[in-house]
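Below you'll find a set of structures to go through.
In the two assemblies presented below, subunit A is common to both, partnered first by subunit B and then by subunit C.
After this line comes the complex of A and B, so read on.
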């Protein structure tokens, strides 16, 4: 059985930052593996540990700078990685879910996995739509926002819980092959061991261009265009206490006492 | 132009976002003197149609098929309806179920999809505003397509009011049963247990800023000092440091205490959904740009490891 996990390097923005065109100035960002994808990778690795003959392959769309981040998944137990990149792709351009899914679907068609795991969303652009778009492009079944997975590989069914709003979970049976978008908290992602980190260096990380996956630059055509990026005006009428921690905490203690806290 | 908005219901209840979709849809339709159509799929569609008939709705399409949400049914029904009506904008909710069918509908109809919109405008074409990087920045997105699918963020638009005089039209969708390859087998309530944080008058709520499980003792001390109940944002519960029944937010509890003290919590939309109704919101966070300060009444921009011990001391004396 083969499990394909989509992973993405995301950027977190520093407390203080500057905007540069349609992006954040590089000086104020840190790159990391998307939080939701960490759970997806862990779920796949746990499947490979509990079932026989499971291969875990990760796929990402990203420039070579992303390789270090992508190796984190290999260090945690994924078997090999694919990185799609092409001169036609621009570092800063926003890719809409349909475009991302087209590239991922092309890889999925070559790999032919039984199960695809994605994160519910990525922490930076929070589109939350790539996984389900991918499923529908491939014509497979799917489930979004999965926080429990019990795979019956023999029967070809994934028994999942979908985490709805307000502390309610939906119990659903999904026929394989399928794409599941994985929610945080579904498992307890491991830390990479030193041995894992060493092994990751020699695992295959294949780079593929659009031509390699049977596409050309028209696959990137999108009717959606990002036109501006700006800091929202603070809606806040918050009273901010200023001074040393003793001073600010003192004022807050006074306010809380006034509100009857602790009485 | 025509706007088509798809209502949401769950376990017999129309969800709030449905009437917000009506407002968002009416605003867009007004921009071009267009019509607002609303669709409701599965369940007691006539009863839902009755409640969706608010001011500004022109037509309500009902699709009677099954009881509860099933994404294969929704995808087929909404796709067929969208192909029939050819709306300029197809509006759906940015809810967990919305995320489960909107991308598939967009893909089948061949519409670009913009998710989690917080504002929409129509002038020659559709422009959506959405947030990036944990709500630290906003971006505008233009669609150059003739027709665009959008999911809207809950609680961003007011609920539509007033009674309308919409025509209710049953829509005969052709549902291919063999394409239904997932089955909902039940529902389960989670997050029960000994404490009910939604009953508390004062909540001390801790987020990822606490860094390590050991550091939670500091926050427990504060909660004890203030005679408050301890709650948390999602990562603390995901990490297993506190049980699920302590989680505030979209997938946890909705709380409305007199005082909510958010410590080391950024104020992500899914967190805010659970606590924005608190009377007084206090935030302690060392990032002045954290979105929690947008909804806080009082705040301290500083390191929690300096402020919290000082607060315990200050309150005791």
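After this line comes the complex of A and C, so read on.
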């Protein structure tokens, strides 16, 4: 069985920052493994530990700088990694979900996984659409915002819990092959062990161009273009209640009722 | 010459930092005030291999070199020196077994430490024996196929929680020459006649367990002798350069932790309607602190690199690194409290603890005065006397 996990290197921005053109000035950003993907990697590694013959492959769209982040996933137990990058891709340009899904789908077609795990969203762009778009392009089943997974590998069915709004959970079965977008909290992601870090250095990390995955630059054509980046104006509007919990809770309840939130 | 860490070393540093930030920092004050051994954190650290970082791969460890271990020490101590020491000290004394132990000893004593199933220690100092190691008086006498050990060992890290200790004993008092006649013997804590008294009220590193060991007719099998009978002192000396480099790395970590916290606080704290980091008096302090940290780190890295690559120059470098880095730790922690002002004088902020913790690095594993003696001895071309 093969599990493909999409892994993104995301940008974390300091509390105070400056905008530089369409991005944040490099001085105020650090790169890290996307938090949701960390849970997706952990879920895949746990599958490989509980079932026989499971290969965990990660796929990332990103420049060579992303390799340190990819090695984090390898150190936590993924077996090998694929990194897609091409001269036609610009470091700073935003890739919309459909474009990303096109690239990831091309890799998925080559790898032919039984299960694809993605994060629900990325911590920087937060569009939350790549996973389901990928399933749509591959024509497989999917489940979004999965917070519990029980895989019946024999039957080829994933029993999942999906987190819906208002604290409601949907219990549903998804037939493989499928894409599941993984929610934080589904598991307790491990730290990479020193031994894992050592082993990760010699694991395969394959670099693929668009041509390598059977695409050309037209795959990057997108109707969506980023035109500006700006900081929304913030307005101060916080009300601070002071006093005992009994007093402040009453005041808060009053406000919520007045605004039509609590009935 | 290359001053860059390898990708692997960077990855180790970043992951240890993540671990330390999430698992060590949040509870550090509690373990300090209660003088409580952080068993759960040490177990977690063992799971990711931190307790066996320097134990060879064939005995369940990771087998990292001295430089990578220095990087690990720095990150752990920058989060909290007391808990950092608990994690790194689980393998105290292991170097003697790696260097001189038999295959059976390595399997029996190294593997459980690497996997987190056992904690060990090294027992050298005595109530009347500190810097003058060659006057150790704990006596081990052969009786049939057993060693019978009598004496007291003082300031023993992990003393009341450890499973076994490499104890420096006098086995051959009639041997000629003041460095001869000592032996290293493994003593298990569950032997009859073994008693440990926890020492409380330490100035710093209060999460770490320290005890006095009382050995009263303790019998251990003769195969617990490590290496050669009578050569214990010389065996011990072999690793001082390495262990001193390790303490230098701890000191760099303490200095770094204090300097980073001071920088954060200075940017946050406002006086006269602006952050105190806008004042040149504070800026100069921060500049000096961070420069000192970097200088101490470079000296420590060079010493660590020398352990692994160039041990001809090592003895002097290790003492220089240990003496300098520990002084930097004390000075930087002092300035960090100064920048915090009144807030740094209570334990609401970590720098209060770092100020207390820093001092030990000038004392254990050879005082600063002993390090200067060694540097001078090397400079003047004098041998050990």
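Going forward, the second predicted complex is superposed on the first by the 236 of 263 C-alpha atoms of A that agree within 3 Å, B and C clash if a C-alpha of one lies under 4 Å from a C-alpha of the other, contacts with A are read in each partner's own complex, and residues count from 1 in each chain.
The working rule: a residue touches a chain if its C-beta (ideal position, glycine included) is under 8 Å from a C-beta of that chain, and two chains touch if they have at least 3 such contacts.
The shown structure was predicted, so the numbers you read here are calculated from the model rather than taken from an experiment.
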Applying the document's definition of touch, where does A:98 land relative to subunit B and subunit C: first, second, both, or neither? first
When both partners are placed on the shared chain, which of subunit B and subunit C touches more of subunit A: B
In the overlaid three-chain picture, which partner chain does A:129 touch, first (subunit B) or second (subunit C), both, or neither? first
Taking the superposition on A as described, I'd like to know which of subunit B and subunit C A:12 touches: first, second, both or neither. first
Between subunit B (first) and subunit C (second), which does A:195 come into contact with in this model arrangement: first, second, both, or neither? second
Can A:170 be said to touch subunit B (first), subunit C (second), both, or neither? first
Footprint of subunit A on subunit B - complex, ascending: 10-11, 71-72, 75, 94-97, 99-104, 106-108, 112-116, 127, 131-145, 148, 181-191, 202, 225-228, 234-235, 237-240, 244, 250-254, 258-259, 280, 282-283, 286-289, 293-303, 306-308, 310-311, 313-315
Quick one: in the complex, what on subunit C touches subunit A? 7-8, 10-12, 15, 18-19, 47-50, 53, 62, 64
For the complex, give me every residue of subunit A touching subunit B. 11-13, 15-17, 19, 22, 24, 94, 96-98, 101, 120, 123-133, 135-137, 141-145, 161-175, 181, 184-185, 188, 222-232, 234-241, 245-246, 248-250, 252-253, 255-257, 259-263
Show which residues of subunit A lie in contact with subunit C when the two form their complex. 67-68, 71-72, 75, 190-195, 197-198, 200-201
